[in-house]
Amino acid sequence: MHASEDFLVIIRHAPHNASWLREGLDAALVAAAFGQSVRLLFMGEGALALCKAQQAGAPGQKASLPTIDMLEMYDIDQLNVPVRTLDELNIGLESLVDGVSTLTDAQVNALFSQNRPILNF
Amino acid sequence: MDYGLLVMGAPYSDPAPHSALRFAEAVLARGHRLTGVFFYHDGVHNASSLMTPPQDELNLRKAWKALNERHGVPLDVCIAAALRRGIVSEAEAARHGHSAYNLEAPFELTGLGQLLTLQQRCDRLITFAS
Amino acid sequence: MTLHILTTAPNSDPARQVEQALNAGDTLLLIEAAVTAALDPQLNCWTQPAYTVWLLEEDLVARGLGNIAKKHRLATVNMDGFVALTEQHEQSVTWY
Amino acid sequence: MHASEDFLVIIRHAPHNASWLREGLDAALVAAAFGQSVRLLFMGEGALALCKAQQAGAPGQKASLPTIDMLEMYDIDQLNVPVRTLDELNIGLESLVDGVSTLTDAQVNALFSQNRPILNF
Amino acid sequence: MTLHILTTAPNSDPARQVEQALNAGDTLLLIEAAVTAALDPQLNCWTQPAYTVWLLEEDLVARGLGNIAKKHRLATVNMDGFVALTEQHEQSVTWY
Amino acid sequence: MDYGLLVMGAPYSDPAPHSALRFAEAVLARGHRLTGVFFYHDGVHNASSLMTPPQDELNLRKAWKALNERHGVPLDVCIAAALRRGIVSEAEAARHGHSAYNLEAPFELTGLGQLLTLQQRCDRLITFAS
């Protein structure tokens, strides 16, 4: 596996729900810091991580939105969400942070047909 | 009323302990008594004195400890669930030949029977798990 | 009358299971991941008349779904209201 | 809550999958040891705990079937499974241990309409 | 060609997600809780021709589902076969 | 071939570490090299030296340790995930003022970068999580 390939990190867990989201995003940031070109795919409840109105949780529970905002600084600008996920959650693109692009079923499928490193959270 | 809480999720891996703590504060704020908290399943990790979250995050063990100090709430931890998961008191460490331990007062290792006792003594037993 | 507390997303196993347990007159409280039910007013829990459904406000707001719940005119309680619900119901069951 | 009431323990997790099943059954045994009359309801994947052909898992992974067999010794003879659960899993009663009784939707519903202690695993 | 490893029951979120990811010619290996798929030969994964599906034998047998899988003529691999599958596929993704 | 494993589940709460161990043995039995195991998320609990399962159950930490002793497989544990969850080495215990620790060799606390390095060095990285 070489640095030039598109490194795919999949986020499937919602914010405030467990440390899966945070630990998945951390892995994406570290991959970027290692010089990989990282693409993030938010599937299922993972798309809720992009909800722009989200806040910190109960006292002491860290918000995850600041980490989403940090992605750009690490040159992670591919934030992909399947159209199917938005339909299933009944959430509109306008509720999400800027810079998210949607993918058709075929495009999601194609992401997995190319040989690249994948981490699935 | 007399309330008991059953907590079955680990801090940081699960929102259940956060919810349980906020609920506990609200129970007391409404003038009820908190008869006890029982930690079962992955909830036993709430008792770990080695828990070391980043400085800008709540230390759940300290938050439970503060609840005990302010309101005398007993914090009971299921011994069978705890030992499997590496949560050990000084006495159990000695018994099993460990040179360290990570559960200390006000948390207490106890049998599952204590959960049944809590349920019988309370008007309400509320479960927190995710 | 029982208070059922659901902590998982609307399409999860526990969400299906609590529907089997709910009786007429019961109350369903959605907390943690369950508050994403606010996104879809067509879900069964919002369209049936047999039991009452509440969303936990703090969890809703933390996930950025407060306005959506308002738009869909869904009922919320805060933590104090959660305790009040447990006062009113002799029995509670948590589904996770 | 008094000892005479029917104590309901719900098992919703499959064997070998986590300690939920084991820890749920332990709670049922302890309740019985406390003199409660315990009824067990196996919902969803929990019904797989009753599969009579199950064995120990990987080396060191404890089997749960012996615990199921122990229930009778603790006078826990109400092992209930919703018909709906069997249908959803596509599993027949003949694949389960002896002594299991099925419940209609209305009967499941009725279990929750009576005021009794409930532990849900 | 990718090896997709599923560890959760057929009606779970990850089971739905892996179906979105599977390409023609891929392989799906069902382990841990996913082996309950053996109970229902009507499930999508058994009736489609595009990818190959295997059940992990040890996990199947531990759950008492070995005979049911045999009756439904479903393909199984043991742990050694699991490793062989990873040799044959340059890439693997675990869904949990 | 060179294999790496990513383990993200806790013993007793999750079947993932059991599957990973059986897979590791099978990898070696087929003549491959096991370049390393990386423990992340709740997988960090595999390293707990206080883990005390009943005598008739496998001690997962000892099983990993045996794998290291027989085949020299490095056992790396993500430090950020570990500290939050109360898994602490002697050095980290000193740094954070704990009087005890529960992670020791052959387990090593390390950064998440080690996972990326493992992925780059291996022909196959297989994830175990449930």
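We just call them A, B, C, D, E and F in the order they show up, numbering each chain from 1.
Heads up, the rule we're going with is that contacts are C-beta pairs under 8 Å (C-beta built on N, C-alpha and C of every residue); 3 or more make two chains touch, one makes a residue touch a chain.
Only a predicted model underlies this, so the values are computations on that prediction, with no experimental measurement involved.
Identification of common neighbours of subunit B and subunit C yields A, D. Counting only chains that touch, the fewest steps needed to get from subunit C to subunit D is 1.
Steps from subunit B to subunit E, minimised over paths through touching chains, total 2. The leading chain pair by number of C-beta pairs in contact is B-F. Separation between the centroids of subunit C and subunit F, computed from CA atoms only, is 39 Å.
If you average the Cα atoms of subunit A and of subunit E, the two centres end up 26 Å apart. Averaged C-alpha coordinates give centres for subunit B and subunit D that are 26 Å from one another. Looking at subunit A, one finds that residues 16-17, 19, 45, 57-58, 61, 120 touch two or more other chains. The residues of subunit F that reach two or more other chains are 12-13, 15, 19, 22, 41, 57, 84, 125, 127, 130, listed in rising order.
Residue positions of subunit C with contacts to 2 or more other chains are 9, 11, 13, 32-33, 58-59, 90, 93-94, 96. Inter-chain contacts occur between A-B, A-C, A-E, A-F, B-C, B-D, B-F, C-D, C-E, D-E, D-F, E-F.
Subunit A contributes residues 1, 19-20, 23, 26-27, 30-31, 33-34, 36, 117, 119-120 to its touches with subunit F in the complex.
Those residues of subunit C whose C-beta lies close enough to touch subunit D in the complex are 2, 13-14, 16-17, 20-23, 26, 90-91, 93-96. By the touch criterion stated above, subunit D contacts subunit C in their complex at residues 10, 12, 43-45, 82, 84, 105, 108-109, 111-113, 115-116, 118, 120. Only residues 9, 11-13 of subunit C touch subunit E when the two sit together in their complex. Of all residues in subunit B, those touching subunit D in their complex are 6, 40-41, 80-81, 84, 111-113, 115-116, 119-120, 125, 127.
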